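Below is a structure I'd like to ask you about.
Here the chain labels run A, B, C and D in written order, and each chain numbers its own residues starting at 1.
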Amino acid sequence: MVSQDENIGWSVSEMARNVAMDIPNGSYVNLGIGMPELVATHVPVGREVIYHTENGLLGMGPAPAEGQEDSELINAGKKYVTAIPGACYFHHADSFTMIRGNHIDFCVLGAFQVAENGDLANWSTGAPGTIPAVGGAMDLVAGDITILVISRHTTREGEPKIVKKCTYPLTGKAVVDTIYTDLAIIEVKDEGLFVRELAPGVTFDYVQERTGAKLHQYP
Amino acid sequence: MINKIVASPAEAVADIFDGAVVMISGFGEAGSPIELIHALIDQGAKDLTVISNNTGSGHVGLAALIAHRRVKKMICSFPRTANSMVFPELYNNGEIELEIVPQGTLAERIRSGGAGIPAFYTPTSVGTPLAEGKESRTFDGKTYVLERTIRADFSLVKCRAADRYGNLVYNKTARNFGPIMCMAAEATIVQAKQIVDLGQLDPEAVVTPGIFVGKVVEVANPAEESKLVAEGRRYPW
Amino acid sequence: MVSQDENIGWSVSEMARNVAMDIPNGSYVNLGIGMPELVATHVPVGREVIYHTENGLLGMGPAPAEGQEDSELINAGKKYVTAIPGACYFHHADSFTMIRGNHIDFCVLGAFQVAENGDLANWSTGAPGTIPAVGGAMDLVAGDITILVISRHTTREGEPKIVKKCTYPLTGKAVVDTIYTDLAIIEVKDEGLFVRELAPGVTFDYVQERTGAKLHQYP
Amino acid sequence: MINKIVASPAEAVADIFDGAVVMISGFGEAGSPIELIHALIDQGAKDLTVISNNTGSGHVGLAALIAHRRVKKMICSFPRTANSMVFPELYNNGEIELEIVPQGTLAERIRSGGAGIPAFYTPTSVGTPLAEGKESRTFDGKTYVLERTIRADFSLVKCRAADRYGNLVYNKTARNFGPIMCMAAEATIVQAKQIVDLGQLDPEAVVTPGIFVGKVVEVANPAEESKLVAEGRRYPW
């Protein structure tokens, strides 16, 4: 465990922007609950991105104005949302066809742990006494959708979240493509983890010290 | 004449028997047939196996059915939410069984149940604890698990509008599991916000063809689960 | 081969009426191409029966008036049809869900041969040089839909169509429930073929002579 | 901005390559994208594997594509109809391959191709010549055959209306294989009778969500195959 200076690295908003910059115009994107939801607000002007929520809506828009909430128009996190012009509704089997059948282009997810081979753990800490609840997490990573993980680099306790091997129960094996943390953008390759970009003022060694797996630099 | 319309939720759920397997539509409160569930509580059937994405919240609807110890086993993808306290308590006390299924696999198992497909292969859950004990197989170099279909004795479903043939249309994201659950039960029981005359539903826009529906009851002003929970209401009141 | 008096037995129209009488109010029915189509015109007043055509329509109505034909509103036999109020359209996968998933109550089919165990052959004569063409025939009999066969009792050449074992390629094994011919109504039971009704003036022995399998009488 | 609309059928089919697997919507002439097929004939791609319920009629549309020796293999349920002469002749001469698939199995194989399901079990064809050589298995005392998914490089589909996102609605029984073929191809190419502004299609009534569609071209007055056949027309004219 190595402590991390709170004033170092990207803010959550900057992390979301980093993800958004990697999503091209015309993409179909599923955003996980929590931090991933912020990505939608950072898509650059001129890019049109269509959001899928697995509970049956393609063309999800932002949260409604106060007083306009509709309890039958929600996202996968059960928050009130809106639908853009050109949206459409469908049932759950069709919705997961879009996921499992690789029609979605990008899925942005949070993580408990990511292993150096791309294994993802984000559904259960496996702690005794917790009730298992998987939702759509395993479906989202089961196809060949590009999986982008957005997460703080370490846990609140300073433990690395990027590890050699996940200790939490897996969501999927070798599924993560890119990891966006407050310290770096890290790509998962067959040869291992490669740092693509460092946050301002952050060194490679600083990131490596807070990572449980070996990092590589591009030549 | 074909007329699937019945007069009350009580009449609609009258046939549900002890030990029945019951699918209940909804994703959280959206699409949850709360009046049918309350009628089922009044009716008294017990030892039910319930298939629904969640386990309800507060002490109304599905959570109330569970609280009344009518549910022996839940099959769902996500049994806990912000306001679910009933299920966690019973589960931690060992008073209710749980089968946890990835959401897309749950949807596909239900859909295949309606489609006469007894089993299918899927990539979801491969390499995770949820694939343990499941048969797996490789096709074209990728590994998949074998999943069996799910069928139910009854499905309880909420929709926006219905006609006497049982044709249904839904409202926004309240559609979710409704259409596939209609397909996968011996008897499908629907609560509709509105019953319309035959021919009023656009034949190009019907989501559930009437062939998948057994009984329809109009519930013009369904309760909103989240409001009842916020008010601390408990069923029966 | 035993010749058959053309003036004996039910007319095609009466055969269709016999089938129609066995279809209760509220049934969902798929009618095969040809003779089965006649059944629709014989449903007794007061019964409402809904017709499914596997190319995506539930609530098929009669043929349109001349000049009202729509090339995008056809039945499985590719004939022009209409849609009744309360009809709906759906795609092919959903349509065969209704069939394979046993949602249809009755399917009325023609036959080349029916065996005493209910085997049906109605898609191919297996003759060399013919092009195989199965359509939806095998799907219709694959579930547990009640299968009603409407057929002349013998071929044009006087050969029995109800046989001990089909010589033509099968459509399905042990699938037929009841056979409606010009001579008799015959039920397929685990114990064999049982004659439920004889056409006026037709004797059991007359039917047996023209049948390639043993017939039984109800006690 | 997302804009899937292209200017002409020729532009829409420009990428189809020799040896491609191509799904073509339609049940007989209903739903057959005749202008896209004619553009494909002009474009010249050959050695195609075509998946379509029938094989066309007369010497237009799919029958013309076959007549021009562009199709190496047909996968279909019913290769002969009243006015189909091209396919039977080539087939009897051994000039075209045929894989015959029961119609419901064909539909489900296509749908599963779009759904990421590599294989499923079905009761259809058990005990018949079409099950020969197929793996079978018993579930709950009933026998089923294992069927593999089908996917295509391209799907050519006809619909009634589309918007720039590729959302589609169909017309009556011309819907048939269109929605599932849109799901099962790497690139789906659609001819729509009408292109409408975004938001003009009812979000509750969209049949094919735009995510399944790559390119859309407006063909406001599509030819009617049966009329062309009755007139003895041949493509190209």
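Going forward, contacts are C-beta pairs under 8 Å (C-beta built on N, C-alpha and C of every residue); 3 or more make two chains touch, one makes a residue touch a chain.
Everything numeric here is computed off the predicted structure, so don't read it as measured data.
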{"item": "Mutual neighbours - chains that touch chain A and chain B alike", "value": "D"}
{"item": "Distance between chain centroids, defined by C-alpha means - chain B, chain C (Å)", "value": "36"}
{"item": "Between chain C and chain A, distance of the C-alpha-averaged centres to the nearest whole Å", "value": "56"}
{"item": "Two or more partner chains touched - positions in chain D", "value": "108, 115-117, 122-123, 170-172, 204, 207"}
{"item": "For chain C, residues that touch 2 or more chains besides their own", "value": "83, 89-90, 93, 96, 99-100, 142-143"}
{"item": "Listing of all chain pairs that touch each other, if any do", "value": "A-B, A-D, B-C, B-D, C-D"}
{"item": "Parts of chain A lying in touch with chain B, wherever the complex brings them together", "value": "53-57, 70-75, 78, 83, 89-93, 95-96, 99-100, 119, 129, 131-139, 142-143, 169-173"}
{"item": "Interfacial residue positions of chain D with respect to chain C in the complex", "value": "27-31, 53, 77-82, 87-88, 91-92, 98, 100-108, 110-111, 122-130, 170-180, 207, 224-226"}
{"item": "Residues of chain D touching chain B in the complex", "value": "108, 112, 115-123, 139-140, 142, 144, 148, 169-172, 202, 204-205, 207"}
{"item": "Footprint of chain C on chain B - complex, ascending", "value": "1-2, 113-117, 163-165, 167, 183, 198-199, 201, 203-204, 206, 209-212"}
{"item": "Of chain A, residues touching chain D in the complex", "value": "25-26, 28, 46, 48, 50, 52, 58-59, 83, 85-90, 93-94, 96-104, 142-143"}
